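Should a chain be cited, it is by its letter among A, B, C and D, assigned in written order, with residues numbered from 1 in that chain.
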Amino acid sequence: MILFDPFFWEVFISGLLAGVMYALVALGFVLIFKASGIFNFAQGVLALFAALTLVGFQTGQVPFAHLLEAVFGLHVTHWGDGMPTVLALLLSLFVMIGLAWLIVKIVLRPLVNQEGIILFMATIGLAFVLEGVGDLMWGANVKRLDVGLPEGPSDFLLDHTGMFIEKLEISAAVVAMILVASLMLFSQYTKMGRALRAVADDHQAALSVGISLETIWWVVWSISGLVALVAGVMWGAKSGVQFSLSLIALKALPVLMLGGFTSIPGAIIGGLMIGVGEKMFEFYIGPMIGGATENWFAYMLALLFLLFRPQGLFGEKIIERV
Amino acid sequence: MTIATQDAFTTDDGRLIGPTLLEVKGITLKFGGVTAIENISFDIREGEVRAIIGPNGAGKSSMLNVINGFYHPQEGEVWFKNELRAPMKPYQIAYQGIARTFQNIALFKGMSTLDNIMTGRFTHMSSGILAQALWKGSAEREEFVNREKVERIIDFLEIQQIRKTEVGRLPYGLQKRVELGRALAAEPKLLLLDEPMAGMNVEEKEDMSRFILDVNEEFGTTVALIEHDMGVVMDIADRVVVMDYGKKIGDGTPVEIRKNQVVIDAYLGISHD
Amino acid sequence: MIYREAGDFKTTYKADQETFPIRLDKVGFWLSVLIVVFVIPLFLNDYWEKAVFLPFFIYAIAAIGLNILTGYCGQVSLGTGGFMAVGAYSSYKLMTSFPNLDMFVVIICSGIVTAFVGILFGIPSLRIKGFYLAVATLASQFFLVWLFNKWEWTYNYSATGQITAPERDFLGVVVTGAYSAPWATYLFCFGFLFIFGWMARNLVRGHIGRSWMAIRDMDIAAEIIGVNPLKAKLSAFAISSFYIGVAGALYFSVWLGAAEPTEAFSIDKSFDVLFMIIIGGLGSMTGSIIGAAFIVLLPVVFKTVLVGLLGWPTDIAEFTQIILIGSLIIFFLIKEPHGIAALWRTLKQKLRLWPFPY
Amino acid sequence: MKKTILTAMSAFLISSAVPAAAELVFPLLSYRTGAYAPNGIPIADGFSDYLTLINERDGGIGGEKIKMIECETAYNTEKGVECYESTKGQGSLVYWPLSTGITYQLIPKVTADGIPLHTMGYGRTSAANGKVFSHVFNFPGTYWDAASIITKHMMDVEGGSLKGKKIALVHHNSAYGKEPIRTFEVLAEKHGFEFITLPVDHPGQEQKSTWLQVRKERPDFVTMWGWGVMNQVAIKEAASIRFPMDRFIGVWWSSNEGDVLPAGDGATGYKAIALHNTGTDFDIYKDLEKHVISKGLAAGAGDHVGEVLYNRGFMQGALVVEAARTAQKIHGVANITPAMMRDGMEALKIDQARWAEMGLANYAADINVTCENHGGPGLGAIQQWNASTQKWTMITDFVAADRSVVDPLIMADSAAYAAENNISERCN
């Protein structure tokens, strides 16, 4: 009986923990898609950018050091020995908010009322720009990110259950859950939150709440900037801050298919399903077919799921009218 | 007078009406709990202009959707050319010779007027992929033959000047006309028009009425249309079906309908749109 | 007052359906074709062949393929990389299993194989729409790459899974392998682009093309005028995949000469080709080609200018280039969401009316 | 815009058409951007610093100044082609693309263009057979040597026999990572151990299930062919599942400081096979400080000196420079051509005395390339990481691979290649 396999529950739990991370990234997509109908491909790069900025502040790097050296030949890498993590976090958050403002002003406003595919492309262009700027500012070499989260396997679980569960992943999951919860509260109980949900249904309604579309977009992009920051921190702490961080976006897409582009609970449940599903498959089926299945399994799972339920997890049945 | 016979006859205003082309029997259509159409039966005869009227939400459009196979009713039968029609997909029905227009225009916005009407010829074109890729022989010939037919429709509808314009950019009235053209291009036995004059001004309505009658007379196409404007209906329809809340409450010539008390109460009485 | 329909009235439908309604366009087109075929090969060196023309031609073919599916039939696909891999590996298997097979046949067959795979992965499109479909096609991308990495038969059980193109010829002219002459590979690829570009052009103006566009613009209406969605969508997937397969085969056998799935056919390929058609213009043949030129040549140009001429450090140049391309994508989308091809059209419209713009 | 492009293009065309006169051109196909930049940067820095040193200190090789052309590949094959084609016209003497993908598609090209290709400890292993691969060199060691040497070390740890043991290979799921599999399979047969592979897909940030697999399978040893972020994640995971690190042995591409540091103390005891020594306590680094770094001529940010991968690039520089010297000696001309360079590489011999002269005493094993054997000595040493001192220490000397296993494999694979491309053997 598989349930008594000593590894089953461990695979299951690590699947859940991974799933929370996927959900976190997916959440960034959902927020923006709900409020502006934009499939924001730049979400992953946003996470990378945020993490880079954080490390930069934390360790006191000089932005564009390499560029300065190349152009003006002045060799400065650090302006000091950095700043406390909390301060760095706050500053990076401000940077993300400013970035959100720029994105809305420069990219989105001119493209208002365009088809989804065009906006999608715009975000890809945006991803390019951010990637380049990020690397240019902070350099392409791998950076260690230490925000004081506990590391190593949890001894408690190890002693009592014999499972190796990373403290880091537990805390990541906790943080993610808190974030998700607070976001739901925000969208339920604040005027802005209601406006966000209204704009999802139709733009006029949102305006009737008395908030301009641009403001709403700015807020949404800021929030997903925050989500990106958190995601970036978690993944960065796990595997260092470097280019590959931007690829986590790919992990979130099947989650979106499963949970729907517009459903926050969908993102969460979908994330967990994908996390557990791919870990289980890789662990039990993988070895039989040569392993390294995690890249495609999630997509196949979501694909099959959609074939039988095109409206996704929480979408309601679509009745086509003419 | 109500018609029970299958054979042809002549109407009061001297138009020849043929035998039954399409007949719906006891159609009932439900969406979840909501009943859109309840046990409706009527027939459409060759060569006539048949109108379906009734207040909003009476189930008129749903009726058309049933006829061209977009909705599948829970109960009832559709007889076409005296044959019981097995449930089929809309595109198969198109091949049977039923074409239609939509209440809110359903044109291919990205394509030119010409291409839109050419797509109407789809059921008449059959050359294979390779032939088309090489654009020689059958494919090219076929294209030109159909192009000529389409050009005739364009002339008929007097829309030559917008032949190459993207339909998305056309005014409402013209779009309606192009959509009619697309339906005509299929050379249908039965032409279903869903509110062809909705939102038109008087002149446009007159034009449209003229087109519909010309189609009916010149091409001998049977027409079934949904329309709100009673005036128009009374002018151009040979027979009228009246629906209300998914039920049929009247059926007959305009004259009869005008006299029908139920109809007057349910419909004419209340609505002056 | 030169560029206009001066006095060429369409007397026949044939004339009216010409690809180039304006005489000047036609002349210009055929002139440039002549130059491309007879003049350029004389001055061609390895650099221009391998770094400029081959990638341009090959990506143009892929872009045309994807444009048929996405631009004309409205089915957004991110599986291009995977399908190119199918083309590449089919060509490798064909080249190694039938050493005497002519290269032309090899490429065509690879395209056909890919077409079938395309149909297979196109089936979900019947139920899944829009971005959901786009993401769903990623499944094919990742799965196919994984498959070619795992399935040893596809790379003849070599130690690493790397495939290397042996030397093969087209009508006796060597077109693959390191000893192929630049002009040969150049003309070979251009031939494919020319022939299949022309065919694609014919397809999209025929009734199949119209059925695709009908599905794209309004699938319900399309169905009601007799278009079978299944047939339309799957035919679009098949033909599009055929083109992409051909591109993949050329990409591996003629251009790179060696490939491994994980790197050469990664998801970036899928995105690159998508950029091409959106930048160039969805639903436009010219757009596909302009887009390919844009995405393929721009990095080369930037690199040449920044590193070759200005002598910047390579990494800074690379980053700057990424930024520039990103900004250009955004810029063009803002200026003309329907792509450079549309910009070009409006320009020509203005030119037609010149000097009396009313 | 258009005009500038055209002028740039034409200018470029001209520049690439005319070879630079009286200079030794060494192209550097590096990747300082993209997913593998963290590994690519130190190597590129090491290489260019060595060449700068030679220029600054000795005024070039045999009086000929060195001209280095750097070109960014971002570890991408297409960019690699562009780089190769744009630099080869400028008299490039030798290529080392530092990417399996680019290597494979350059092998036929360089052979056709008559330019040597040096894939130092990577690329196509069977290229060690000089009889078939006239222009490809992969000394001082190949992956198959590495596999055999690692296995040898495991045997020593186990006290002579691996019978009934289980060895897992955690590998980058690409051509590079798959390269050693076949050798390990043969070795498994020979020594009677069980061999399992655990592929990790690019980029390899997520390895939970891989290491759960490890715990389930309970291998006695784990060896790793990793690259990029995959390395550090793997080492972290291994540490956190408390896998005995002295039974975890990586290939020379999985041994950079950046790979072990993130795991902190957990990484102590991790082993890796080495082609060369690490650190900066060699005489030449004093010259480097004096002639390059202090003058601010160091490549990149200059913050990688002495790192494992930096030294790798440094050694790469040393080897091609020595090869150039040899070529000059053989042909008696200072301004050598690619063809001469090839002869130089084929005749390259560096014994400990020579290493010492170069200021790199006991930096690496003797190099000895012959017409038949382009794989050099095929030696490797095992080094071990100590997190507290943050240093690698050699725990064995340079040992030879099990030729009786490796050579037949090389012969078989190269023979297949020769047959596929109808190449006739040389050197006899």
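The rule is short, and it goes like this: a contact is a pair of C-beta atoms (placed from the backbone, for glycine too) under 8 Å apart; a residue touches a chain by one contact, two chains touch by 3 or more.
Since we're looking at a predicted model, the values are computed, not measured.
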Farthest chain relative to subunit D (centres taken as mean CA coordinates): B
More contacts between chains, A-C or A-D: A-C
Chain centre separation (subunit A, subunit D; CA means) in Å: 36
Rounded Å distance between subunit A and subunit C, as computed from the means of their C-alpha atoms: 32
Centroid spacing, where centroids are CA-atom means, of subunit B and subunit C in whole angstrom: 42
Subunit A and subunit B: spacing of chain centres that average the CA atoms, whole Å: 51
Multi-chain contact sites of subunit B, meaning residues that touch two or more partners: 70, 102, 106
Residue list for subunit D, restricted to those that touch at least two other chains: 32-33, 37, 41, 173, 201
Per-residue overlap in subunit C, given as positions that touch at least 2 other chains: 146, 149, 220-221, 224, 313, 315, 319, 322
Parts of subunit C lying in touch with subunit A, wherever the complex brings them together: 76, 124, 127-132, 135-136, 138-139, 142-143, 145-146, 149-150, 220-221, 224, 267, 271, 274-275, 278-279, 282, 312-313, 315-316, 319-323, 325-330, 333-334, 337
Complex contacts: residues of subunit A adjacent to subunit D: 7, 10-11, 14, 18, 65-66, 69, 73, 75, 77, 135, 139-142, 144, 151-153, 164, 166, 235, 238-240, 242-245, 247-248, 251, 279, 282-283, 286-287, 290-292, 294-295
Subunit D to subunit A touching residues, read off their complex: 32-35, 37-38, 41, 173, 197-201, 203-206, 208-210, 212-213, 215-216, 228-229, 232-233, 236, 239-242, 258, 261-262, 264, 266, 296, 300-301, 303
Interfacial residue positions of subunit C with respect to subunit D in the complex: 45-48, 50-51, 55, 96, 146, 149, 158-162, 164, 166-167, 177-179, 255-260, 262-264, 266, 300-301, 303-305, 307-309, 313-315, 317-319, 322
Sites on subunit B touched by subunit C in the complex: 68, 70, 89-91, 94-95, 99-100, 102, 106-111, 115, 118-123, 125, 127, 129, 132-135, 139-140, 142-144, 146-148, 151, 182-183, 186
